[in-house]
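Please go over the structures that come below.
What follows is subunit A paired twice: with subunit B in the first complex and subunit C in the second.
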Partner chain A sequence: MIRMTLTGLLATALAGFACQVSAAQLTIGFSQIGSESGWRAAETSVSKSEAKKRNVNFKIADAQQKQENQIKAIRSFIAQKVDAIFLAPVVSTGWDAVLKEAQAAKIPVVLLDRDIDPSGKELYLTAVTSDSVHEGEVAGDWLAKTVGSKACNVVELQGTVGASVAANRKKGFDTAVAKHANLKVVRSQTGDFTRAKGKEVMESFIKAEGGGKNICAVYAHNDDMMVGAIQAMKEAGLKPGKDILTVSIDAVPDIFKAIAAGEANATVELTPDMAGPAFDAIIAWKDKGTVPPKWIQTESKLYTAADNPQKIYDSKKGLGY
Partner chain B sequence: MALRLPRSGVPQVLAFLAILAINWTVSPQFFDIRLQDGRLFGSLIDVFNRGAPVALLSLGMVLVIATRGIDLSVGAVMAISGAIAASLADTHPLPVVLAAALGAGLLCGLWNGLLVAVLGIQPIVATLILMVAGRGIAQLITEGRIVTFTAPELVWFGGGSVLGIPAPVAITLGMLLVTLILVRGTALGLMIEATGGNARASALAGVGTTAMTMAVYVWCSLCAALAGIIAAADILGADANNAGLWLELDAILAVVIGGTSLFGGRFSLVYAVLGALIIQAMNTGILLSGFRPEFNLVVKAVVVLVVLLMQSPRLSGLGLLLSRVSK
Partner chain C sequence: MNRLFPVLVTTAVFLIGFVVCSLQFPNFASTRVVADLLTDNAFLGIVATGMTFVIISGGIDLSVGAVIGFTTVFLALAIQQLGISPWLAFAAILIVCAAFGAAMGAVIQYFDLPPFIVTLAGMFLARGASFLMSTESIPINAPLYSELPDYAIKLPGDGQLTVIAMIMLAVFAFGIVLLHFTRFGANVYALGGSRVTAALMGVRIGRVTILIYTLSSVLAGLSGIVFSFYTSAGYSLSAVGVELDTIAAVVIGGTLLAGGYGFVFGTFVGVLIQGLIQSYINFDGTLSSWWTKIATGILLFAFIVLQQAMVGFARRRSRRAVGVTLS
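Presenting the complex of A and B:
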């Protein structure tokens, strides 16, 4: 018995050792923007767990929303001779100098979640981002498929005026909806990406459209505005999810609670797992020399009541959203 | 004495009625009111209901401005009190929740009052400190996420009603009455105006100017804390990043539209609240109109300009002159 345990232990130790040797543990530094939103916090915690899964020595530097802190962090990663650097750029310009330093030190840089100015394309290995135009398309396609040939008046809660995400999510949805003559966006206003404004705007939409009777669906550029809109519908005596269909983007935990309760219909995920594909790209590049494409697009997955929303809520709740 | 119009409130009332009329033309069902779940429901009710938080803020702000001060921290105080209320709501009884949230407001007011009245720091700088730090405090309390709650007692502050009147409106009305009685029913209002008119002369005349200044900042923060509770109850959660964001500017605007001068002295509580309703009537109108959102701020700026021009003594003097010339 004892001998068996001992051999077992020895085998595990050997296996562990062998694994260590063959993988030559990678050290990767990540310059994160900061904790500007719940999504960002989730991205940080997911990137940590993805690093653990791949046995990567992962170092995160929090830039507190400042570019100079990010540049400092990248310089310190270069000094530490890390194997790769992940960067979630807080702004799109001003990276040339520091990225050239990384290039001179032969350290590959992967951009996460946001792109930088096109002038610097040769300065990074690849960018892992979501396509926000495509997110809008996925939402629009779901709606078109769900209503079928029925005439449907849609009201839209836009994100902050001037934000590129808002413009892109609007563009994608408009493109998808334009293919179907029975779908019409009748009202569109900004809800500033917040619950309170989403609720206020929805209240006025309901009143302006015959107490909500003329509205068949709501499209919100993020889930938070939708959570506010759901409250507005309930207070007006309407049944969100049944009287009025809902589709929004982001897939934050609270929208899954609403979907589980039958008060929301669909959400398109902006995945917080940007680091996972980035790790895979770096590992393939180091091991086999595979050059990744310049842009790795993350999946914009659609979730509905059929996807066990309660379970997703439970798994997302702890991520820091 | 026709030139004394700004004090009479005629421009404010006219502006409010004019905006309601415009809203009615862009949205014919504007004045439709019905009962929904025992609560009045309609666009006009939305104006009062959505305007309640800014009206509450302007109630405190007008007193601060009357002492020649300004309070930039009210939005941040809203975020703090909302964050505290939402974090405690599901685990503590309502009196504890309210005491903690309003107590935090009281502390914020004392802090502002201390900086301005005792240490003599300029109000705009003194309250800027809490404006910036306060939102950070609120974010620390919520850990940067939206803290939701379900406790029906707290939900009442946003979604409840008194005799069909939405709770936020009823609370604001109650606070207006209390403030009116406190300020106009006693000599307090006079002393606040005296402090703002000429602090030194008032102090020499025996007015406790330090205590007066302290008191108005405390009252202002208390009003803001109450507005914060309403804002949190409205969305069943505390959003520290956005609750009360930029509302200090709306509150100052409401006071100015209400005819109170930023140079202190005479003030009007009722017209400050009316100023807040004018701003909200405009917001609701824009939402109902179906304009593209890119126009929101432009429309708002034009309306505010017109309302302020209506109050300008120079301009009404000019009008008088023109009418004399034409005769």
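Presenting the complex of A and C:
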């Protein structure tokens, strides 16, 4: 009798233990750069909610824009024996030593949103980033499709001079537009990624192009500049979205408000959900040993008035943009 | 006993903090965490040793963070682009830093200017110069840099004492000997007590002042070398605001901000406490990292109040003692 009870107890204990092991929760540490932009804040809040969805114990360390803080955070994640480390590197250099430590501790590292120097290629499992050249292409393709065979003069609001994102988004758009002889970029100037500068530059474009009559479309490297440009067009008595087509990149909440109001036409999303694909890659790697590709490209999705912009605005505005 | 009180309080705070963290987080009480604490704060510890001398002498050095940034950029350019041997580059930068510190000390002494202003100017100079050299982060690929992790000493458990942690411990040992067992150290205390009295006692104030700021800048340079090991890169924006973290570490370590009193060992514990707070926040993983600053601020405030109370208490007692002898 006693033996039976004991065996029973042991069995229950074992079952309980086994159950705990199979439901072992993954612990993942994320060394985030900081919260310098609205997009970055949205990335942080989206990664938290994606972690919750997958029942991951998620630890975030905000580095306040300092590499030394990121290195410290990675070391402390290694000491905590986490199952994986996500890193959004503030600069591309200087990661080799600490990533080697992670490798020695057999902890996989996934880069989010930004890449590191090629010398560290062997030190991380995969990188989840967007392709900013492709973003420009998507914008260009949409414009070509929408305009059809009609001749169209495009003005371009560039991002900050020297920023790689700006150069890439220009390159992608130019490649897409070059395939269509009827599309021509007639003016291109930097609006510094800001609303105020975007408005100012658009005002000068309108003046230079016969009060805006010669402009058929505006392409802006980010939504903020486009919001400024829309303001400039309205003040000049033009109807943005109708007289002049608009396409921009990022998909921040305010552009959806403009699309819903019929004042903007399209935006290409730079998704703040970099962590979601990274979680899936890690979970597949842990469970089945699937080695993910070295680069996971996030989708550059196009949004127009057909995508229920009001609903997207409502879902995005709480993310911290 | 009474003299050691603030250092004992600091040490107790650190030990209690460590025990609390260990109870809360399963992997905390390990040699790895302790070794990481030393490695991650090595650059801060080295520069804080120099700052201890400066503050005990009644001065302040705001230029140290910028000197660290300058050093990392200088090293990256010298080693990576000019192809100079790392050892030669280290020697060159330490000489440059020594000259920089000596110049600041001389200006403070001979133009009779407050150290705050002079070293503030030094900070702008050094930071500006590093931006002038390069605004990009430059990787350093010299073999010395990639071999360095191999020289770490394995500790029981999975921790390892890295080279930069060893450099910091050596600097602290050097600082303790220099401050507490040499004539120069005694002169530093004398200067902080009262410059006039020190001069009357025959301390060569000018020479000591220049040496103090030279020491601080040289250690900032050494800290910059360690920082370049830490990130294997030179970046003009590195170590922004480190001068304030350093001052906080020194004061939390029990050194009187007004000068004349303090220990190098206290600074060591002060540095570790800041590292401990950051580790706690990283281990917790849900707190905003800005709590590091808030916790440091609260500790700093508590220690300043403690110091003021002690100074007031000591003064009252000495007055009473004088009263007794007079009557």
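Operating definition for what follows: the second predicted complex is superposed on the first by the 299 of 321 C-alpha atoms of A that agree within 3 Å, B and C clash if a C-alpha of one lies under 4 Å from a C-alpha of the other, contacts with A are read in each partner's own complex, and residues count from 1 in each chain.
Here, a contact is a pair of C-beta atoms (placed from the backbone, for glycine too) under 8 Å apart; a residue touches a chain by one contact, two chains touch by 3 or more.
Just so it is clear, the structure is predicted and the values come from calculations on it, not from any experiment.
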Original post:
Superposed on subunit A, are subunit B and subunit C clashing or fitting side by side?
Top reply: fit
Original post:
Who does A:Lys207 touch here: subunit B (first), subunit C (second), both, or neither?
Top reply: first
**OP:** Report for A:Lys301: first if it touches subunit B alone, second if subunit C alone, otherwise both or neither.
**Re:** neither
Original post:
Who does A:Lys179 touch here: subunit B (first), subunit C (second), both, or neither?
Top reply: neither
Original post:
Does the superposition put A:Lys199 against subunit B (first), subunit C (second), both, or neither?
Top reply: first
**OP:** Have a look at where A:Lys53 lands relative to subunit B and subunit C in the superposition and call it first, second, both or neither.
**Re:** neither
**OP:** Could you say whether A:Gly94 touches subunit B, subunit C, both of them, or neither, answering first, second, both or neither?
**Re:** second
Original post:
Should A:Gly38 be classified as contacting the first partner (subunit B), the second (subunit C), both, or neither?
Top reply: first
**OP:** Check whether A:Lys239 is in contact with subunit B, with subunit C, with both or with neither, and answer first, second, both or neither.
**Re:** neither
**OP:** With both complexes overlaid on chain A, what's the closest CA-to-CA approach of subunit B to subunit C, in Å?
**Re:** 8
Subject >> Touching both subunit B and subunit C, residues of subunit A >> reply: none
Original post:
So in the complex, which bits of subunit C are touching subunit A?
Top reply: 25, 27-28, 30, 32-33, 36, 39-40, 43, 137-139, 141, 146, 148-149, 158, 227, 230-233, 235, 238-240, 278-279, 281-286, 288-290
**OP:** Sort out for me which residues of subunit A touch subunit C in the complex.
**Re:** 29, 58-64, 66-69, 71-73, 75-81, 91-94, 96-97, 100-101, 105, 117, 119
Subject >> Complex contacts: residues of subunit A adjacent to subunit B >> reply: 35, 37-38, 41, 158, 161, 187-190, 192, 194-196, 199-201, 203-205, 207-208, 210, 224, 227-228, 231, 235-237, 254, 320-321
Subject >> Touching residues (chain side subunit B, partner subunit A) in the complex >> reply: 27, 29, 32, 36-37, 39, 41-43, 46, 50, 144-146, 148, 159, 231, 234-237, 239, 241-243, 283-284, 287-288, 290, 292-294, 296
